[in-house]
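Order of writing sets the labels: A, B, C and D. Residues in every chain begin at 1.
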Amino acid sequence: MIETTTQEETQTYSFPDKKGYFGKFGGKFVPEILIPALEELESAFQTAIKDDTFWADYHRLLNEYVGRETPLTFCDRLTEHFGKAKIYFKREDLCHTGAHKINNAIGQVLLARRMGKKRIIAETGAGQHGVATATVCAKFGMECIIYMGAEDTERQKLNVDRMGLMGAKVIPVHSGSKTLKDATNEAIRDWVTNVEDTFYIIGSAVGPHPYPVMAREFHRIIGDETKRQLQEAEGENILPDYVLACVGGGSNAIGIFYPFVDDASVKLIGIEAGGLGFETEETAATLTKGTPGVLHGSLSYLLQTDSGQVQLAHSVSAGLDYPGIGPEHAHLFDTGRVKYVAVNDKEALEGVKLSSSLEGIIPALETAHAISYLNILMPQTTENEIVVLNCSGRGDKDMGTISKYI
Amino acid sequence: MIETTTQEETQTYSFPDKKGYFGKFGGKFVPEILIPALEELESAFQTAIKDDTFWADYHRLLNEYVGRETPLTFCDRLTEHFGKAKIYFKREDLCHTGAHKINNAIGQVLLARRMGKKRIIAETGAGQHGVATATVCAKFGMECIIYMGAEDTERQKLNVDRMGLMGAKVIPVHSGSKTLKDATNEAIRDWVTNVEDTFYIIGSAVGPHPYPVMAREFHRIIGDETKRQLQEAEGENILPDYVLACVGGGSNAIGIFYPFVDDASVKLIGIEAGGLGFETEETAATLTKGTPGVLHGSLSYLLQTDSGQVQLAHSVSAGLDYPGIGPEHAHLFDTGRVKYVAVNDKEALEGVKLSSSLEGIIPALETAHAISYLNILMPQTTENEIVVLNCSGRGDKDMGTISKYI
Amino acid sequence: MSRISNVFKNKAEDEKVMTLFLTAGYPEQEATVDLILGFEKNGADIIELGMPFSDPLADGPTIQYSSNVAIENGTTLSSIFEMVKEVRKSSQIPLVLMGYINPILKYGMEAFFSDAAEAGVDGFILPDVPVEEADQVDAMCKKYDLDLIYLVAPNTTEERMKLIDEKSRGFIYCVSVTGVTGARDGDEVAKSVEKFIDRVNSNIHKNPVLVGFGIKNYEDATRISEKMDGFVVGSALITNIRENYPNAGWKENVVSFVKTLKYGNKADVPAS
Amino acid sequence: MSRISNVFKNKAEDEKVMTLFLTAGYPEQEATVDLILGFEKNGADIIELGMPFSDPLADGPTIQYSSNVAIENGTTLSSIFEMVKEVRKSSQIPLVLMGYINPILKYGMEAFFSDAAEAGVDGFILPDVPVEEADQVDAMCKKYDLDLIYLVAPNTTEERMKLIDEKSRGFIYCVSVTGVTGARDGDEVAKSVEKFIDRVNSNIHKNPVLVGFGIKNYEDATRISEKMDGFVVGSALITNIRENYPNAGWKENVVSFVKTLKYGNKADVPAS
């Protein structure tokens, strides 16, 4: 069993198992050549998470560089707007670089240093994980190569420039659909080729074991802080009734869900990108619409054709525009512990407006999916309940898209 | 004398005086019709700053909404790069909306509420103050009108869209040079016309008394935090040897300088925008190049022609592109307590690179002026000294400009 | 006794003092003297000569426009003094310079007031110099025997009106509605000002009071200045110039507009 | 004994087993059977038939390209089984299906291996199913009497090589350099692999070993497979097809390229 950093409570939920499975999902479906690299990584990870100095470094960087802890903001006007449960936002949008992604990038770059790796690679879609990785590489003086679909490098030129400014080399990927899925393939190919000196920082709770559990352990600080902050705000032993997060690969969601998994009274809701509607082919609602399969090293759910080819996802938000999902979410879906719903492009854009006009918080389009779901959820809540929503990122990166639609 | 919030120390520096003068500079050079409004404002301000509940609201919002306190980041790689004094950045770039401006907007909107004003107006250049104002207005459900030079509304369309999304009305100003100076004129005209129900939130440490002192009191939290944080990091009673900040109107600079004004050992350096060179006409180096004069309600320094017409400023950074400066800086300049220097457009862009590539922090172009000055300052420092630089904002808003030049 | 005070002293009981605001150097520097003399002949009692400034924050778009044109025409304080000297060759109409403080500071306080007095200026209206900031200006005006005219606004307290009455010399300029200079609807103005005018009349005793802002024609002027000593027309005059300039006969047209401001279409218009 | 094992049993002592990788359905579905039969006639001992996948993360650009074309051509696991059946009508050349696990999962594990066996497939190489994840696949292969071929890489530990040798049936595919499939320079490859090949030979005893990745021509093949049982050519063959297709006579050209891979320009090329 993977050891976690929880000292506070005994978790009865104890996934993944030794083989990296969350129930039926997970594993490491990778070329033989990566097996030693994953074993080396897992052993470094296991050692690190038992090492106080590792966590001290991690927390010092998050506090002094990233700006944690992030606030838990009481959204008085949104609350008033619905007139039901109290709404809080966990403000990952205030992290350095503008999204939760950097929590994981910091954790992984620290591991890479411990392992003596000098060259960092990563994939990116919208560029948020690429920017986070380029950032930590600049801060640590490490070589940084970012794979990005050629189409995304054009759509997200701003983030390409940000990465370049920080010294990262952005490699446009021209294969396949020229988006995140292909950038990931290409990053894996680089890793396969340069496995000796290269550390691959995966940007979500996906990939072969131990990546999903690493992403979780480096993001669970979101949920751990939330739990403590809510008690500070609302009183001892108070738990939220609902915790909401958008789900692309699933890293921000698992980060806020995980510390509540054993708290049975807390309803956890993951919001996927419905795209043009999950009844269409233009969707990224992996759990709602997909079937089990293997992509990028783990067995999880997947959008795929009848013959098992991976489908292109569609979402207005680049960060959710991915046909796979982390295996732990597949497990939490199958066991029913987390409820997954889908919100369409159009509804997400309404979510942007809602939060911007009532709270002065312009969310990332990814986050906006979760916000929009409040329109469905809130009427079912009562005044003495509490809803916490993970505000995973800020919307600056999306203003171009948002302006086009609004 | 204005009462300040310092409880910790007796300040021997005690400006402004009752008439709103910092030595020879300041005052309220405004139409008669604004005099009652300024008196009402001053009295509300004086009452508020003696009221613990006011400060409680202010601090609660800054902590739970804006994300304060902002970290004091030790810049190990920049430090190593110069091999001299230790360099710290005070991370105002991590504030909600991306710059220090919101500290002041929060303080002023709280005042507006206490005064029962329902309509907020503001001027903006690059849009940072406009966004901060639109943000707090959304959070408080207040009507918000932003004046912005017609030229700036085009150059900074992204920020125009951000304001619009939050429900603010952006009014393009077609008079004069169609930039910040003229937006300010127009905001004052609006105020003159709607003085009864309107609160004017000025975006820097400029304007008639009590605006400059208000901006200072609402931004001094930057310096107060810095002082405490540096002692936590370096030991009791340790003070920085140098404190650096860029100077447009002067709000971020006075915010970090003020708590150190009475600490004679601390060298304070304000960095102005040299534009194409302060020996040219294309500059925004008000103190380095200007002469005393009255603009927008106070007597300070000013870029002006021989016949006393205000000149157009020039800077690559919209937030420094202003021909005036707050009166307190004029005073600190005249008394020599603060040293003011100018950094050119080109050097500022080098500053962006320096901080991005070594620290993973892409600064606002305004901030980059201060960063670039490290190239001049650092060789004169020694290894046991400490430099603190106010990282006033993040560079996302400037990526278009930066990409064009780099 | 100053030229300004003389106007008020010499006017008929029910006559209203007509003050015209003209931006010096607008629409061309060469025209200013002619316009002033033409205004005088057609009923103007006092001329406010605007000193153009790049950032006229108390002015509406009309006067901003005229200021920009004047600056582009090269108008400076020195050139304004030349205009005043030229007027003084043939006229004793009171001339009040109106403008922002910055160009004056740049010119140099002492030099400015001394040169102004020498040129034949009578007084000053400085909209961005309220009583609080006026000590030095006041001292200079006294030294050179010049009038300093303050404004009162609808939101000026009674206490403050008294203070302004005490400090003002020449007259007091009563801003009839909150707002910047500009052509507002006279009707609206009339309604909103009645109470205000009563307050002004009960608190200001030493100085004559002229009412301004928003007067577009004879009817506005008559109604609004009913309980006052006279009125000021600014934006409406600039607008009229803007409409006529540079068509042939523009000066004549402007001057006859001025006549209608003072006399309306009444039969008793004196021959000009 | 399986067809694959027979190949190794029957080959001459110093003969190298030539295995060719061809993406099924590339460049057209109709061509696959012809190509296989032509390859057999010109020296191929074993055929690896690639099952195209949308996300071939262990493959370089050449094979990615051929996979995309094959998918666009409508190639599916079912259509591949049809191709295999067609080959089996006239040939007993060992056929190894190589591909990623996802389409197999989607097809259904049991159905896939059962249908494969029925069609006449001999074995499988599944690059994203390492030993750790192979339990079910292994059970299926055993059930249907099919070979399961694993890969070893330069960074595979000796302990693990032994495990893989134990688990593998048919042969072992030795990836000669770290990296994805693709045409690397043979020289570079040769130098970097010597030590690795020695390690492989001291740890792998049960299975024959074929070496692959980066072999472009007869000389590469000869040098690299010197201490091995044979070699695999993939990307170089796809590249050759890509260069020739769809020119007239493309199949003949490809087939004669295959002949040079096995025999070089030696005089003793058997008549085809």
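To be clear about the criterion, a contact is a pair of C-beta atoms (placed from the backbone, for glycine too) under 8 Å apart; a residue touches a chain by one contact, two chains touch by 3 or more.
Here the structure is a predicted model, which is why all the values come from computation and not from measurement.
Novice: Starting from the defined contact criterion, work out which chains touch chain B and chain D both, please.
Specialist: A
Novice: Of the other chains, whose C-alpha centre is the longest way from the centre of chain A?
Specialist: Between chain A and the rest, the longest centre separation is with C.
Novice: From the mean C-alpha coordinate of chain A to that of chain D, what's the distance rounded to whole Å?
Specialist: Spacing between the chain centres: roughly 38 Å.
Novice: CA centre of chain A versus CA centre of chain C: separation in Å?
Specialist: Centres of chain A and chain C (C-alpha means) sit 67 Å apart.
Novice: Please report how many Å separate the Cα centroid of chain C from that of chain D, as a whole number.
Specialist: Centre-to-centre distance between chain C and chain D: 98 Å.
Novice: By the touch definition up top, name every chain pair that qualifies.
Specialist: A-B, A-D, B-C
Novice: Which residues of chain B touch chain C in the complex?
Specialist: 19, 27-33, 35-37, 175-176, 181-182, 184-185, 188-189, 192-196, 291-297, 299, 302, 304, 306-310
Novice: What residues on chain C touch chain B, complex-wise?
Specialist: Of all residues in chain C, those touching chain B are 53-61, 64, 68, 71, 76-77, 100-107, 127-130, 132-133, 150-157, 160, 164, 175, 178-180.
Novice: Please output the residues of chain A touching chain B within their complex, sorted ascending.
Specialist: Touch list, chain A to chain B: 63-67, 70-74, 77, 91, 93-96, 98, 134-139, 141, 157-158, 161-162, 165-167, 352-353, 356-362, 396-397, 399-400, 402-403, 406.
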